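Next up, some structures in structure tokens.
One chain, chain A, links the two complexes that follow: it is found with chain B in the first and with chain C in the second.
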Partner chain A sequence: MGVAIYDPKSDVSGMIHVMLPAAFPDRPVDQIGKFADTGIPALLMAMEKMGANKRYMRVAIAGGAQVFKFNNTGANNLDIGRRNGEAVIEQLTKAGLRILAKDIGGTHGRTVTFTVPDGKVEVKTLSQGVAELCYLADNRERSAA
Partner chain B sequence: MGVIITIDEMIDRTADLPVIPAVALRIMHEADSNTTSASQIAMLLARDPALASRVLRLANSAYYGLSGQVFGLKEAVVVLGLRCVKNLALVAASYPWLSKPLHGYGLEPKDLWMHSHGTAVAAMLVAQRSGRLRDDEAFTAGLLHDIGKLAMNVWLERKTEALIQLSTLNGWSFVECERTVLGYDHGQVGGRLAERWNLPLSVIDSARYHHEPDERPDPSLVVDAVHLGDYLASVLGFGLGADGLQYALQPNTLVRLGLHPQDIDRIADDLERERRLQAESFEEIVA
Partner chain C sequence: MAEFLDQLGEIELSAVHEIANIGLGNAATSLSTLLGRTVHIEVPQVSARLVGALAHETLEAGIVTVGVLMPFDGDVEGTMAFFFPWEAAAELWETLIGAKPEGPCDIDEMAASVMIEVGNMVCSGFLNSVAELTNLGMYATPPAMGVDFMESLLATLDVEAELNMRVALTINTRLHGADGSALEGMCLVIPSQEGLVKLLQSLGLEVAA
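So, the complex of A and B:
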């Protein structure tokens, strides 16, 4: 799941690719951005170090695809895509950040592009091609799922 | 709709199907026999100098941390193990055709390679965590699980959009849609292709049943590992095509493998790292 954050006031932006909801307490974290619970706080800290302020940050998230059917009950834990989405939203909420636009779930893969300084977030899918999700620089939300 | 031609006719009429080098095929079978020696595998490999030189470079790649220390083929087999060398030969042999684009599946160059290699590493990790099957066998079967797509590709080229619509409207998996439109799915075609190539049974079965392992009359742990490996590689976004994740997950596979749902996140964590490290080391050698 792609998480793109932009603070237009300080012109500081950042992005991570979250692959799992939470790091494991008994394992070293080799890629801090890989987990929602380590990646989002680390990204915010890095951005703040560069002069960004949470108060002005705007966020877009996209990804979290999932298989369309789990054949049995008790398989909820296997639902990595959905759990990534929940964990990302939980971390962002905890940090007091507002999500301007999101395009999550479904069964299709997405490629997320984030350009600065306009903060344009685009999502590419095989069925829809490239679609603008939002502009984080000026609060414009083009299309949100 | 319905069946227009049989699977065999379809395979016969598909141009540009890849060929598995004879030496790689022999090594696959030798590695499964109990009587093979390091010298035999090295002698076999030496018959295909192009393949042998890439295997040697893979053995010396940063991934194994033996850089520049493995001088000969026999040494490679002794140091890394013959089943590891078998998979290196297979990686080198399959990369050229797994890295081609498959427009019928919306796969750009290298997408199918990324997905196949990701599934191979994932199936290997599933096998290691399960402890109930050989990890090298799971890797081999994972690497070749989608060979059916190589044959199905041209027959799907103008039908992909219709298949996705069918799948979205009816809530069918992509293999159900393939069966409805073409009469068979990429698993069935892959299984037949693997039979015709004389690949090991675990590869044939994994190609055929990887989306529906419960359908195999007698469950196979290798197929189960490839099913979970395919799911993990897909959910982490490795080389997704037009079919995306429009598939069903069969959690009975976990039970048969003796795994718990919480194992899956740990395997996914390992998968992200192992696949990245292997790809960084291997790709410039096999490309």
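So, the complex of A and C:
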């Protein structure tokens, strides 16, 4: 799941690619950015170090699809995407951040592009091609879905 | 994890290469029988690496791909996956059911279950022959199928590997038809670290997990 954050006051942008909801308690964390519970706080701290302020941050998130949607098992552990989404939203909420736009779940994988300095967030999918999700710089959501 | 990878030298990797060759040869026979034409699977490369960055490293990003994911369990657990570029998958569907889906977003249950069955057969063929060679018990669990850009499919494998410590090794393979070009595809075998240790031990090679 892609998480893009922009603070227009300080003009600081940040982005991470969350793979899993939480770091494993029994394993060393090799890359903090991989997990929602370690990655988001680390990203916020790094942005704050550069002068950003949580009060002004705007966030866009996209991803968390279940790409292997055809299966015989019914129940499966491939639905990690949904849990990633929940964990990311929980972390962002805990930090008091506002999610300006989100495009999560479903069955199509997403490639997220975050352009600075205009804060344009684009999402590419197989079914829709490239679609604009929002502009974090001017607080504007995508007009046409 | 890095220490574990350091133990996998040329001898260990070539042993895995050999086993994979035999296992996938068997899988290719299953697929050939199913398709009624010769399919070769070769293993050009076995690499010990940390899985987790397959999606970022793929050279096939942006290519519409049909993927079948096949977790396996038993003494050696892990994940196998097959990938066919859309055109090759369409050809497979044509051969097997005489029709192909209109596009990557129009897969019906029938088309999906056929592709899953192909995965089942190939995976079982592989596992049976590896199990026979090593005297280890391995069995396939129900596969899942998806159609998306290659990087999206691989991202799921990265997550699966991460979740289950299946981060030991990838066996990259290519498959092609008898004339060398007819059927294009790729197979990945990703055993768990623990499973790989057992596999090597069964061949008389000692590595520590």
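Rule of thumb we're sticking to: the second predicted complex is superposed on the first by the 130 of 145 C-alpha atoms of A that agree within 3 Å, B and C clash if a C-alpha of one lies under 4 Å from a C-alpha of the other, contacts with A are read in each partner's own complex, and residues count from 1 in each chain.
Convention: a contact is a pair of C-beta atoms (placed from the backbone, for glycine too) under 8 Å apart; a residue touches a chain by one contact, two chains touch by 3 or more.
Since we're looking at a predicted model, the values are computed, not measured.
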item: Touched partner set for A:M50, first chain B, second chain C, both or neither; value: neither
item: Comparing the two partners chain B and chain C, which touches a greater set of residues in chain A; value: B
item: Touched partner set for A:I80, first chain B, second chain C, both or neither; value: both
item: Contacts of A:V130 with chain B and chain C, given as first, second, both or neither; value: neither
item: Partner chain(s) touched by A:F68 [first = chain B, second = chain C, both, neither]; value: both
item: Interface residues of chain A shared between complexes with chain B and chain C; value: 19-20, 30, 34, 65, 67-72, 76-78, 80, 107-109, 126-127
item: List of chain A residues in touch with chain C within their complex; value: 19-20, 30, 34, 65, 67-73, 76-78, 80, 107-111, 126-127
item: Contacting residues of chain A [partner chain B, same complex]; value: 19-22, 24, 27, 30-31, 34, 63, 65-72, 74-78, 80-81, 106-109, 126-127
item: Chain A contact footprint on chain B (complex, rising order); value: 106, 161, 164, 171, 173, 214, 231, 234-237, 240-242, 244-252, 254, 261-262, 264-266, 268-269, 272-273
item: Interfacial residue positions of chain C with respect to chain A in the complex; value: 1, 52, 64, 67, 69, 104-105, 107, 109, 112-113, 115-116, 141-149, 151-153, 155-156, 158-160, 162-163
